[in-house]
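Each of the next two complexes has subunit A plus one more chain, namely subunit B in the first and subunit C in the second.
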Partner chain A sequence: MSSTAEDGLRILVCVKRVPAPGARIALTADRNDIDTRNLGFTTSPHEECAVEEAIRLVEHHGGSSTVMTVGPPEADEQLRYALSVGAGGAVLVTTEGTDPDAQATAKVLVAAIEALEADGGPFDLILFGNESADAGGFQVGIRTARALGRPVVNGIKAIEVAEGRVVARRESPEGYEVYRLDLPAVLGVKEGLNLPRYPTLPGRLRSKKADVPRQPALVVAGGLATLDFRLPSEQVTETTVLGDGPDAAAAVADLLQELGLL
Partner chain B sequence: MVALIEHDRGVAPDTSFQALTFARSVAEQLGTAVEAVIIGEEAQPLATEAASRGAIKTWLVRHPELTDYGPEAWGDAMAQVTTASGAAAVVAVGTDRGNEVLAHAAAIDDLPFAANVVGVEVAAGPWALERVRWGGSLLERSTLDAPVKVLSVPPHAVPAAEPGNGELGTVEDFAPELDDQAARTRIVERVPAAAGSSLAGAAVVVSGGRGVGSAEGFAALEELAGLLGGAVGCSRVVTNNGWRPHSDQVGQTGKRIAPELYIACGISGAIQHWVGMMAAKRVLAINIDRDAPMVTKADYAVIGDLHTILPAVVSEVRRRKEGATVGGDG
Partner chain C sequence: MIDVGPIPILEATGNEVGYPIVRDMDVFMYERQTAGSMEVGSYAHRPIFHRVDEIPSIQESRLSPTELPFTAEDFDPQLEDALELMPDLLSTAEIKYAINGLLSLTPDGFPLLGETPEVRNLWSAAAIWIKEGPGAGRLLAEWMTRGVPEIDPHQSDIARFYPYARNDHHVRARCTEHYNKTYGIVHPREQWASERNLRCAPYHARTEALGAVYFQAGGWERPHWYASNAPLVEHYGVEDRPAEWDARWWSPISSAEHLAMRERVGMVDLAPFVVFDISGPGALEFLQTMAVNNCDVAVGRSIYTPMLDYHGGFRTDLTIMRLADTRFRVVTGAFDGPRDEHWLRKHLPLDGSVNFEDRTSALCTIGVWGPRARDLVRAVTDADVSDAAFPYGTTQEVLFGSIPVRLFRISYVGDLGWEIYVPMESGLAVWDALWEAGQAHGVVAVGAGVYGTSGRLEKGYRLMGAELGGEYNPVEAGLARPKVKAAHFHGKEAYLAARDEDPAAVLCTLTVEDHVASSDGVKRYMTGSEPILTLDGERIVDRKGRPSYVTSAGAGPSVERYLLLAYLPPEHAVVGNDLQVMYMGDLFPVRVAVAGSTPLFDPDDARMKS
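So, the complex of A and B:
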């Protein structure tokens, strides 16, 4: 059963560590991966908002937030970032080598969630990102929810919890669609749901000392296997420099007139 | 080969019949025909339309619980109709709904699902696929090994199937078995959006990045956009800093736009931003750094500080507009 108002909400957020590629993606020599030697890593953007939402919901309703990832040992960095902005706990399920596909990832998550729930009781709400920035599979949250037998809606940009239910909104061409789910429930969220906070200094210090338990993932490969990558052919554009500084204003206005925009 | 024809209460968005085009390209390799799937009785008129656009058979999925969109019920229905059809593959356009329905259908039968596929090579064993990542900045080559292949194609990657003058396909009713849980994620209400950003359809977008420096700095962009009848956009760093609302954000996790002219002010041009505006007909970059990727990829550039350039452009545009008005009146 879901929590009562007195003991608050038990929330789990599933996140993914992804590279932050900047202006150009570079591939390794064998084209099997993105060359990340000169790149930083970050939490996939939709999931950064999922973490923020969990923290806000717990601030408002009480309870606890836990952040979990299936990823390489280095994903400890993204979990500690979540702790530094206020997540209550973190769990790292470690994989080796290449990323498991979405089908495999969901199975690893389901096993890990069942273990966490056996110890601490069911999560009222499990949050995912709508899709990861790098693999873009659009499915891990849905697969996980299906396996757990819980309702799930993707693409969520507003969440409200009251009286054992979650009311969730998703954007449509005309405005918003509203969904109402009984807890426990699963939601896939999108950036824009909120504006994630930055870590505080005490938060950073706390996150450095925090215990982030690790457990190895038992990966059963799914049916979609990545062979390699290729960059789309880039159109070479000849840039016409209209001028330097404010003196270029006349040339800009000429361009606008030429394009029929003025 | 079945293709989901997406709709909202019987109205098909412009991407809906792209699923038939994509399905046909795969079906031709398989030597089979394309069947359409339409979920919900309210969309019955679309069944005739699918038939006229090349579906040899259209499955009209009817059930009392299928009165409006709900991801779980649609996923259940899609999985069941796919099984009933005996299809080797099922496709949809990778919209919010298309990807969501296919993810549910795949999860139900524990099948892999490949989202945003742009190339398919059918084989007796695993199929060879090419799919897009990073909003289109990277192509992944992969193999898909499954008894039924579940694929989505990115919106607008292929044109919509046109009504033909061939034989009209048949329409067959299909009644799925849905339990009383299936409708628990159905839409319960719709809220119209307050009139807000007209970013999506604007002919000119004046967009700002880190270089704008503050929320107040956007006043000059607002002014120029106003004079040109355009809209203001921004990059992710701007929304992260709280300078603009997320509804103004252009990029992988924001809006995808295709204006006549995109004026990028103080935007460096990371791929996550580029994929949101690369469909613009022309790009004008205003940037202090002439080596910024946005400048080197743009059609036109002005090098310098946007804080002095924009006011100059605004006053020049205003002068010419006033001149034109005076001239017109005289």
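So, the complex of A and C:
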């Protein structure tokens, strides 16, 4: 465990590049993927809060924040966004082909984290979004923590760090559940933890020039594979024309009576 | 574009818009207040095309179909430009919103308004940007309900495109070219670089060999001047223009060609002419309904006539030849062809009594004008082309050797000569025959700079889209004839009413009396659209609220003056009246040389009727 009093906090935030769709998601013709031709990409709101929390904790306690993702080369965009709002560094672990499943992702992350920690010492805190915005597996953070042998709590909406411990709060129907974890620890955070800042123009310019190291992932297949996507059947609203002009009056009156409005 | 905020100085205005928009033309960017934020937009990046049928639906869009995902790599190079311009405002505020805004682009950058030529009563109000929305809505509503909008819509008329311009390839090519010019400083005479050589005269190789500099007209490559005529510049002592802007897309060769034509004979490539043959038992009645002037003339005679809209403004002006009792040839300009075709076809009777045939791609036209034009034509035909046998304003079919051509004795440049209508496949042979025969007569290839500007302006001839439009009537334009024909025609009631009242404006020819700019001592030459002001520097506005401005500008080499056309209220439209024109921030003295349509050059038309 590093000393928070002397060196500040060393924090890692793990994020995932996901499409930002509208209300209806279009699929590619072969249904193997989401049609992203007209979509932008983002990270989940949970992860935006995780990045913001890391920046705030470092602003308060000193130390460093690093953002990491396992994803395609294009995920550089999401890392630079995190840098533009104030993250201190970024690492891109590149994969090829389809999204690795939660098990495979966690394995890749663990290997990358161990490599980073071998160089720079252990991370006091590793933050995940509660779940990814696309797959929604709720697994990667927990699998990673388990593999690293560190305590983990999901669903966190408040974090305080003091004296080598993190106090994390999770909403419950009655109020808050309060967890005290020894550092190093892993937390899955939820939107609402804070209000993430937006980048400034100088922040964007800095992020453009930043060095984002890339390392290829050694992906070991997980237990899940995507076969295809299917859209849920849409709710169809049926419209019945009751008539036209005065001829419709009787039908309208009947309907109002049926609805108990007359 | 990105939205940057909050910015306290903007919030303090308490308004959606409290400061003017900043257009930073050097870097193709704008900065516009939107309430408490600054919207920063860029037109410097690559055009990012979205086919209309690939734009996501409202449901599929994250925000809306017009707010597409921001591509930072296209915008990032502009961030430093924005910061350099407004460092205090933009360095600490946050980028809260960033999109690629979807814009509707058209090949020429203008909207698509009006009735579609393909489907009657299907109206278009497309490719309108936000700031033009209210005006476009009003214009279209007036057009649909009154038949004519208050503001002349010809530049935005959806019917303005030729077939070559009505496809994806052309739209994409032209939009690629002009997207970055959205904030570019575009010269009034600027030519397109893309989509060239789509329509060429059959003798194009000949004009090319003469060093033609081509301007595009209706998609045609039309020589504007010829580099091979450069020696004439020294011969006639034509001055160059010292200001780069005034000399851009212009050459002193053009004025030299003008003087050579007036002295000898010029050959003008008029292939872009739009030619409609209108025939059938109802042809005369149809044209009488469309045209202001009487079309019931003898076979072989011609009519120059305005066609008016329903409220008496100009819809077009064109020339009609009567080829036979029931056959007429209508000739109009390259820039008006599709609109005129739509207007004419829209009014064709439905009983099949009138046949409408577009001959534009079947016929090319070569103009020969100058004092030696008759000598030249005599050299290639056995037909009698004397003034007695072939008077001004008449047309005959003759043989050039074995090639049938139609000669039309008319002139837009004010000299003796003919338009020669030739089957497209014989155009090269006729060009060669004229060129060869012309060597003995000092023939010179003359570009459209003479035909459309200097020759025209010396004669005070009006041009559709410049002097003529829906906002003016024939009385104001000086085109009212002494008598009005009995037959009904579109706009007749308004035309009769206009004849009964004093005109609110008179189209005048003005001469520039001094070209030297007071600011820097450099001689300047107006390009058109400049305001005409009083000697006190006041705007001139007629009683109908129309300001006076330069409708056409150009050299008058034979009258040794630079000429401007402008509508002036009657109290200013007095020969000898001194006024000013503002150009590039300087004021230049101008004088009314002609009030009305009398030509400044050869006012009796003796030369072209000789």
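One rule holds in what follows: the second predicted complex is superposed on the first by the 236 of 262 C-alpha atoms of A that agree within 3 Å, B and C clash if a C-alpha of one lies under 4 Å from a C-alpha of the other, contacts with A are read in each partner's own complex, and residues count from 1 in each chain.
Assume a residue touches a chain if its C-beta (ideal position, glycine included) is under 8 Å from a C-beta of that chain, and two chains touch if they have at least 3 such contacts.
Keep in mind it's a predicted model, so treat the numbers as computed, not measured.
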Please indicate which partner A:V220 is in contact with in the superposed arrangement: first for subunit B, second for subunit C, both, or neither. neither
Where does A:R197 make contact in the superposed view: on subunit B (first), on subunit C (second), on both, or on neither? second
Given the touch rule stated above, what does A:E77 touch, subunit B (first), subunit C (second), both, or neither? second
Answer with first, second, both or neither: which of subunit B and subunit C does A:L255 touch in the superposed model? first
Is A:L205 touching the first partner subunit B, the second partner subunit C, both, or neither of them? second
Between subunit B and subunit C, whom does A:G40 touch in the aligned arrangement: first, second, both, or neither? second
Counting touched residues of subunit A, say whether subunit B or subunit C comes out ahead. B
May I ask you to decide whether A:L231 touches subunit B, subunit C, both, or neither, giving the answer as first, second, both or neither? first
Between subunit B (first) and subunit C (second), which, if any, makes contact with A:G22: first, second, both or neither? both
Would you tell me the residues on subunit A in contact with subunit B in one complex that are also in contact with subunit C in the other? 21-25
Which of the residues in subunit A come into contact with subunit B in the complex? 21-25, 34, 45-46, 101-103, 106, 131, 133-139, 142-143, 146-147, 151-155, 169-170, 172-182, 190-192, 195-196, 222-232, 237, 239-253, 255-257, 259, 261-262
Please output the residues of subunit B touching subunit A within their complex, sorted ascending. 8, 13, 69, 71-72, 75, 94, 96, 99-100, 103-104, 106-108, 110-116, 126, 129-130, 132-146, 152, 181, 184-193, 203-204, 228, 230, 236, 239-240, 242, 246-247, 249, 252-254, 260-261, 268-272, 274, 282, 284-285, 290, 293, 295-305, 308-309, 311-313, 315-317, 320-321
Touching subunit C in the complex: which residues of subunit A? 20-26, 37-41, 77, 197-202, 204-205, 208
Residue numbers on subunit C that touch subunit A, as the complex places them: 4, 50, 54-63, 68-70, 72, 76, 79-80, 82-83, 90-96
